[in-house]
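The same subunit A turns up in both complexes below, where it pairs with subunit B and then with subunit C.
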Partner chain A sequence: MLELSNIDTFYGESHILHQVSLAVHDKQRVAVLGRNGAGKSTLLKSIMNAGTTVKGSVKWRGRDVSKLKAYQRARDGIALVPEDRRIYNHMTVQENVAIARQGVSRSVAMTEARAILGSIEMLSTLGERMGGALSGGQQQMLAVARGLAAKPELILLDEPTEGLAPVIVENMAADIISRCDANQIALLLCEQNIWFARKCTSHVYVIDSGRIVFDGSWEQFAEKPEIAERYLAV
Partner chain B sequence: MLLEWSFAIFSGLTLGMAAFLVAAGLTLVFGILKILNFAHGTFFMLGAYVTYSILGTESASMAAFLLATLAAGVVVGGAGWATDLVIFRRLRDSDYHYTLIATFALLLLITGLVKIIWGLDFRLVRPPEVLETTWFIGGIFIPAYSVFVIAAGIVVFLILDFGLQRSWIGKTVQSVARDPWMAEVLGINNRVVMTAAVVVSFMLAGIAGGLLLPNQSLSPALGDVFLLLAFTAVIIGGLGNVRGAFIASILLGLIESVSTVLLPDLPGISIFVALIVFILVRPQGIFSGAQ
Partner chain C sequence: MADRSVYFWPAAGVIALIATALAPLFANDSVTFILGLAMIEAVFALSWNLLFNYTGIASFGHAAFFTLGAYFVACAQRYGWDVTFPLQLLVAFALGGGAAFAIGAVALKRASGIHLAILTLAIAEVVRMVIGYIDYVGRDDGLGGIPRPVVNLGLATLDLRSSSAYYWCILVVCVALALGLWWLVRSRYGRALRSIAEDAERATFVGMDIYKLRLFSFTISGAVAAICGGLSAPWVQIVTPDLSHWLHSAQPMLNTLLGGSAMFWGPAVGAFAYSLINYSTRTLDGVSEIVVGGILLTIILIAPTGITGALESLRRKIFQKWRAASPWAQVRVKGEQI
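Then we have the complex of A and B:
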């Protein structure tokens, strides 16, 4: 479904990702673990072509999309939920969700947004509240809801658990799994929270200093404790 | 004395609304693209010349006047599209200094073209017949054309404010202005939105040129007259804020008009004083940040 082959990513002159190869198959849920600054967010931005310069091959559903802009990739079925949430303060919660739904009328987008929000306990009564008036946890759920509203085939989640209370993280894991399964959405999750990543995914990559240093199942990851110790320990 | 003040306030409102008609496009394009378009006044002037070329100097019917003004808006909007294609689009990620220099060069270019096409002569264009009337109300003479300018300013403000604040398109445009990165990631084609914003901004300049044409001496210097007032309104109102520009335009019009009553020997100075005071006291403007 998504295939990165030997990509190098740059911010201006800075070389961030080095020869990264990664694949996400249809409906597969994949995690990328790494410390702060390892290149996780840059990896997701590279997949979206959002603010980075990427060299190498990015294939989406077997097609080279290297030349597609971020909005074209979004319309083509890839949704990115950024780490810093980036909720629009001038819009209501419902409008924040609806804006992600491109290619349909406003009324359809709003109806779908209401349905999505209604299914999320934390947001179900907050549709008319302004986006900026939400708590951090609510904003994070809203960012995920916005990603789902686009009806993507692949959702990219960038550290969704950051700053959230443990109980919320636990609920979020169950919620993400059930929604991905129900809507047949593949997941690429960048995380530092190993418990959460393991709960949500079946395959794991570890990234360090812009290079993939591990690629395997969670069972294989468990068999190599030195990987976590060397690349993930704080 | 009361009559003198009443007239000053009415004149101030007229001047303020005229300034807002020019400032509207200027603040819109700054709010969305963060571009301070030095050439905005010249496109206002271009709109006036296009309207003049269609109507001539004699009174036309109201319908002809409005159609000619609309045509000026379309022509100048087209020039906006070309400007975006050739200049703004290339400078979107550049330092703002480059944009200032580029729009200043554009100002010189358009002014030069206008001189070549229409010459340096001053021309006077009469308002439409129905706006040549003057009413005598409550002891003061009220020109119908001034009432028309005030009404036009209010209508343009209401359309822009509703469009930006209430409509879905306006909210999408605001999303692009506030966080273009996120907008693009959500599937919005920022380039199209920004080009549309430039075209609308230039159309507003062209329409303002047509609407205000009968009140002015038409010459290649016309742009300068209103540009200063419009820039001041945009700065005082808060860069990129349409509501701020509207309120600031009214304030500036009233300040200028009232100061001619209070300080008849110092014409024009009050606006500069107001600008300095605002920059010192409230540098972010009446409303801070783009709308």
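Then we have the complex of A and C:
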């Protein structure tokens, strides 16, 4: 479904990602683990073509999408939920979700937004509340809900658990898994929280200093404790 | 109990509209003239705020589009072109929109922020200087003696030559344009524009083509500004290159600051307030500019969110106190205690 082959990513002159290869298959849930500054966010921005210069091959559903702009990739079925949530404070929760639904009337977008919110426990009663009046966990789930509203085939989540209380992280994991399963959406999750990543995904990559240093299942990851020790310990 | 405070702004709007419509019946000619100009400047400022508040683009040269519309209608009326007045306004709309589209198609791709603002300022200055070289439009002297139109509607003739008749024509067109812009900012395009203004990258991630949306907003804004210019030419009965001067481009910004950019009608309120201040101080020979500047500075310092922002917070305070003191609130509190 998504295939990155030997990509190198640059911010201006700075070389951030080095020969990164990664694949996400249909309906698969994949995690990318790494410390701060390892290149996780840059990886997701490279997939979206958002502000980075990328060399190498980015294939989406077997097609080279290197020349597509970020909004075209979003319309093509890839949704990025960025790290900083970026909620529209002046809009209600429902409107925040509806705005991601392009090409349909407002009433259809709002109906779909209500349905999405109704299926997410953390937001089901907050549709009329203003985006700026939500807690951190609620805002994060709203950002995920907005990603889902575009009916993507792949959702990219950038550190959704950052700064959230453990109990909220647990609820969020349940919500994310159920939404991905119900809508048959593939997931690429960039995280530092190993528990959360393991709960949500079946395959894991570890990234360090812009290079993929591990690629395997969670069982294989568990068999190599030195990977976590070396690349993920704070 | 229903929240009656939501009727405050619609009620204020209706009262203001009725008062403005009746002005020619009780006000003298100079007040009517100022009000006519204020209506045009109000819509001009609304069109600028479509860019500024709703799209996140600052244009320092918006008067260029106003000037295009004004000169087209001025020439059509002055030289008796065989184009009816409604069609003149439509052509002005298309001219302004076309020019904005052409400029925006290049400028919005290449520039943003202060660079875009300066670029638009430069374009307006170029328009002003080019007009100054064209004999047909009176070079630097401008084009005077512009007659007001008589519109042949087939079955009837609409004679707009009198001040009051043309005033009501301005009112109808301005209300229609303002309502059109109001509808636009509430449509899904308007919501998309606001999301771009707030965070363009985020808008991209939900699939919005920010370049096209910005270009759309720039085009509509330029087209509306041009109609405003078209309306003003027969009202003032003279057009000069100074219509494209940067001072005229600054006028919608000032009106927006004065009225408040956050509420849709803020720039319109600002335009009327500015006209009122200007009119009230016109007899202060030699110091009127200083007094006007001082008043504007004071208002902006006291109410940084503009007149509408200040009125809105006042409305909230008053209605909160009123609700707390109402017998219904007392009953509710007692009920909760029981």
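By definition in this document, the second predicted complex is superposed on the first by the 234 of 234 C-alpha atoms of A that agree within 3 Å, B and C clash if a C-alpha of one lies under 4 Å from a C-alpha of the other, contacts with A are read in each partner's own complex, and residues count from 1 in each chain.
Definition applied: contacts are C-beta pairs under 8 Å (C-beta built on N, C-alpha and C of every residue); 3 or more make two chains touch, one makes a residue touch a chain.
None of these values were measured; they are calculated from a predicted model.
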With the two structures overlaid on subunit A, would subunit B and subunit C clash, or do they fit side by side? clash
Considering only touches as defined above, state whether A:V213 meets subunit B (first), subunit C (second), both or neither. neither
Should A:H90 be classified as contacting the first partner (subunit B), the second (subunit C), both, or neither? both
For A:Y71, using the defined touch cut-off, is the partner it touches subunit B, subunit C, both, or neither? Pick first, second, both or neither. both
Return first, second, both or neither, reflecting whether A:A50 touches subunit B, subunit C, both chains, or no partner chain. both
Contacts of A:I194 with subunit B and subunit C, given as first, second, both or neither: neither
On subunit A, what residues does subunit B touch that subunit C touches as well? 48, 50-51, 69-71, 74-75, 80, 82, 86, 88, 90-91, 95, 99-100, 102, 106, 146, 150
Okay, in this complex, where on subunit B does subunit A touch? 168, 171-172, 174-175, 178-179, 181-182, 184-190
Residues of subunit A defined as touching subunit C within the complex: 48, 50-51, 69-71, 74-75, 79-82, 86, 88, 90-91, 95, 99-100, 102, 105-106, 109, 146, 149-150
Write out the stretch or stretches of subunit C touching subunit A in their complex. 187-188, 191-192, 194-195, 198-199, 201-202, 204-210
How about subunit A: which of its residues touch subunit B in the complex? 48, 50-51, 69-71, 74-75, 80, 82, 86, 88-91, 95, 99-100, 102, 106, 146, 150
